[in-house]
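The structure is given below, and queries will be raised subsequently.
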Amino acid sequence: MTPATRNEWMTVAAARMLRDRCVCFVGIGLPSAACNLARLTHAPDIVLIYESGTIGTRPDVLPLSIGDGELAETAAFVVPLPDVFAHYLQGGRVDVGFLGAAQIDRFGNLNSTVIGDYATPSTRLPGAGGAPEIAAHARETFVMLKASKRSFVERLDFRTTAGFGEGAGARAKTTARGGGPRAVITDFGILAPHPATDELQLVALFADATLDEARDAVGWPLAVASEVKQVAPPTTHELETLRALHARTREAHARPVVLPTP
Amino acid sequence: MTPATRNEWMTVAAARMLRDRCVCFVGIGLPSAACNLARLTHAPDIVLIYESGTIGTRPDVLPLSIGDGELAETAAFVVPLPDVFAHYLQGGRVDVGFLGAAQIDRFGNLNSTVIGDYATPSTRLPGAGGAPEIAAHARETFVMLKASKRSFVERLDFRTTAGFGEGAGARAKTTARGGGPRAVITDFGILAPHPATDELQLVALFADATLDEARDAVGWPLAVASEVKQVAPPTTHELETLRALHARTREAHARPVVLPTP
Amino acid sequence: MAFLSLREAVATHVADGASVALEGFTHLIPFAAGHELIRQHKRDLHLIRMTPDLVYDQLIGMGCARKLTFSWGGNPGVGSLHRLRDAVEHRWPRPLELDEHSHAGMAAAFCAGAARLPFGTLRGYLDNDLGQANTRVRRVECPFTGERLAAVPALNPDVTFLHAQRADRAGNVALHGIVGAAREAAMAASKLIVTVEEIVDALPPAMNGIVLPHWIVTAVAHCPGGAYPSYAHGFYARDNAFYREWDAIARDRATFEAWMREHVLDTVDHAAFLASLAKRAA
Amino acid sequence: MAFLSLREAVATHVADGASVALEGFTHLIPFAAGHELIRQHKRDLHLIRMTPDLVYDQLIGMGCARKLTFSWGGNPGVGSLHRLRDAVEHRWPRPLELDEHSHAGMAAAFCAGAARLPFGTLRGYLDNDLGQANTRVRRVECPFTGERLAAVPALNPDVTFLHAQRADRAGNVALHGIVGAAREAAMAASKLIVTVEEIVDALPPAMNGIVLPHWIVTAVAHCPGGAYPSYAHGFYARDNAFYREWDAIARDRATFEAWMREHVLDTVDHAAFLASLAKRAA
């Protein structure tokens, strides 16, 4: 078996942080892979909710979009989208939310709106989607994002989604009821907020990553926890399960669709 | 065939006022009988909505409650109750609403809350139910109520449901979007609002009722339209259809329920 | 989620003084749960329900309630709820505080509760006395149009009881037919206790059906016939004759108390309640 | 309700400058309707849609839109909508005004529209820049708790287009599977036009299913495959490969225009559009 890629490290590390039976609001991409890996390994009764309204879904292959038919077919039930946000998310019925972004700052605030000025951006990004309210209402959130000086920045071009705001307890002054980012899983390891300052600090490294690599990848002076753990490498079972999931997914997505010509 | 009772006159007169294909928000009792009589005679494609959320229902027998199983079984579909009020009624998707009450005043305002003082009533009535917002939002409403000096009163003990308020265009100053009471069908004939003053005036009498009877039954000096029409007697077909409906209903409601003992 | 007997569920999760909603609109009214509250002599309850129906007439007449939030309090198609009337008109067996709404207002209040918003908005309570009688009906101004709309405070019961057709072994609950505000009352509650006609290995497929997932559900109690004399679509019909008979039973205090003693207080559970009626009918 | 061809429905009911919502969340996206808007050279449209998707990339790239109300504008699982980006970043082919929300905010706006309330309320837009970027996000104070909540203005499109599985001959429309905000967008609209996979004598039984009744529906157009390359549950799957291919087609202005000409402008209707793709694939 080939060694784990950094994507696989990230996915496995994120999956391990999910408790069985937790209710998880899943995003497309790495979070979707991580949540389903958890479900297929140590968390068989995890409840996965995609924002398309599919609740308790158990897809055999990863969806490309947030609303592939696979998600509806394997769901316990499907609700209208407004209900997802009102009854489940704002209703406080979601334990864990997963977020990605184009930029993150040291307090876990996220930008997925624009690079540059809002009115005349150099890069227009897809926008907020569910993120601001996932971040506000889920009991805790995980951010998955590869690190570079362009993505881990001193100052966001636009704050789409609040993490800990200006830090040092600022979040508690808002009416957000969720706890905010518990961890940022990136391609060298894991950051977590300092209990007092809320500033993200390095708490764990992947076995083949170094502190220097981490510092180089982050666009602000990276704080380091008093103890930096080493993330145990993906097990054979984890890797095999993840790779089989991806293989099934590739095969399914390549399957030609019969055009519905009359 | 025995002659029509006053209840039957009222039911037939109300049924005739319903256009085919109109969307009708139905209450229990006389309105339910009138709407279904219309459906079984001249208005086969009338759309009946009961506030229990049963939409496009075609009951074979009249329901005792607003939510008998018969209504759900014969409905086009069933929606949650909040949707009935938000999407259909407040959404402006209802043509006709039917109302009853314990008291009515000359401007078609209704009381179904208390006789006496609100805090210490001599008679506690069931209360508002859907009436205030049916009256506010349906394009037009019909009131069905037997007349007496106790029910057609100079002054309501409590205004549960606004008709034309203080009259003379007062309703237009509220944010109610529906047109208000178009007719009051009572056991001597029909009252309708004067176009300028909004005061209810006698516009039609049943064939066997008199102007004196009408004046005696009403607790305020009853205004009379320049032309008082005579309501044509129930036809044999109308009466037979209505009586068959009631006979089926009596039989169904007397049918013993098998107790769900284990 | 736990599978409990109804007795255990009520004993564990309902404190005296709690706000309790037994929802279900004509259909799926949780009678068994109401009777168990009476059997356990719960007191000072704040009862919440759009259409109080017979089950609240019974709770009120037995002195369980201090307050009632409601929007229509009658015996549908029959007439008055005599015990409710007696409490309001004569404070018997004790005074009853009223928090009175229209259906549209109460539906908005349940929706706000389900969404954990502090208030619901509607174009309602227009030009009538309800807004004065109930100081909990207020106004909110639209920040875009300036229109003043009615606002009602969210309803968030301490405990919501529902009756449903089925639960699976994980505690997911499915209901169908007329659902009223059952879903909203469930999502709005701190605790949700559901009695069901049957517990099955797998719920029938219902892609867009109404399901209350297991982690919303505090407890499920298997309780066949738990909605009787209301009904459970697909299981048994509404006993319209009983609703008519109730009028005579409830009209008189002594008759009411004797009936409640025989059929509720002196029966051990809902199966015994149903058996006591069957015996009477035989 | 009228049965019309899609061409007729668009010609009759969509004026230049109209606000138009083509809803459907990944599933049941009304592609055929979007293409017909392009074929008929509709201009100055205010496009409304939570997730613009490829169909809005096409409308924007073809110069049909002056304004976009949205909450997430990407190619799901693939990347950017290049035509949307080009319009915002380079004003090509014309400037595009943005009315940008979060999903929760836009869902609340559709719900308010469906209920004909002037605004929707949510606990959202907390401590972020969206509320500044969009002056249509305001605050409303709870009249009970004093809490300040986000308020969004109701969305009430002039015309909503949906694609659904079935209509019956009376024009009742049934859809199932992932429904997104389709129901709310339908109830919020002045006019509702629905393309359907099939027209049947009687809809399948769906007691608590999602039905849009005939008197809400302005027109039904029979349009098999009308959601392709999105999908219709029970009829055909999402063409994920096409979504990937779109990235290359849309990245370059000339490639995009050539594709649109060949497959949309030069095809007479949706059946011809599908046939043109089949030919290409063969």
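Going by the order they are written in, the chains are A, B, C and D; count residues from 1 in each one.
Rule of thumb we're sticking to: a residue touches a chain if its C-beta (ideal position, glycine included) is under 8 Å from a C-beta of that chain, and two chains touch if they have at least 3 such contacts.
The model shown is predicted, which means the values in this text are computed figures rather than measured ones.
Undergrad: Need the CA-centroid distance for the pair chain B / chain C, whole Å please.
TA: 27
Undergrad: Averaging over Cα atoms per chain, report the distance between chain A and chain B in Å.
TA: Each chain's C-alpha centroid was found; their separation is 56 Å.
Undergrad: What is the distance, in whole Å, between the centres of chain C and chain D, each centre taken as the mean of its C-alpha atoms?
TA: Averaging C-alpha atoms per chain gives centres 40 Å apart.
Undergrad: Which residue numbers or ranges of chain C touch two or more of the other chains?
TA: 116-117, 122-123, 147, 149, 177, 179, 206-210
Undergrad: Considering chain A alone, which of its residues make contact with at least two other chains?
TA: Each of 72, 78, 86, 90, 177 in chain A touches at least two other chains.
Undergrad: Touch graph of the chains shown: is it line, ring, star, complete or other?
TA: Per interface graph, the chains form some other shape.
Undergrad: Spell out all pairs of chains that touch, sorted by label.
TA: Touching chain pairs, listed by label, are A-C, A-D, B-C, B-D, C-D.
Undergrad: Tell me, which parts of chain A touch chain C in their complex?
TA: 21, 23, 45, 47, 55-56, 72, 75-79, 86-87, 90-93, 177
Undergrad: Report the residues of chain D in contact with chain A in the complex, numbered from low to high.
TA: 25-27, 50-51, 70-74, 76-78, 80-81, 84-85, 88-89, 100-104, 107-108, 110-111, 122-130, 133, 147-149, 177-184, 197, 210, 224-225, 228-229, 231-233, 235-244, 271, 274-275, 277-278, 281
Undergrad: In the complex formed with chain C, which residues of chain D make contact?
TA: Touch residues, chain D against chain C: 116-119, 121-123, 136, 138-145, 147, 149, 151, 153, 176-177, 179, 206-210.
Undergrad: Can you tell me which positions in chain D touch chain B when the two form their complex?
TA: Residue positions touching the partner: 114-117, 170, 172, 187, 203, 206-209, 211, 213, 215-216.
Undergrad: What part of chain A is in contact with chain D in the complex they form?
TA: My answer: residues 28-29, 51-54, 63-69, 71-72, 78, 80-82, 85-86, 89-90, 109, 113, 118, 121-133, 136-137, 158-162, 165, 170-171, 174-177, 253-254, 256-262.
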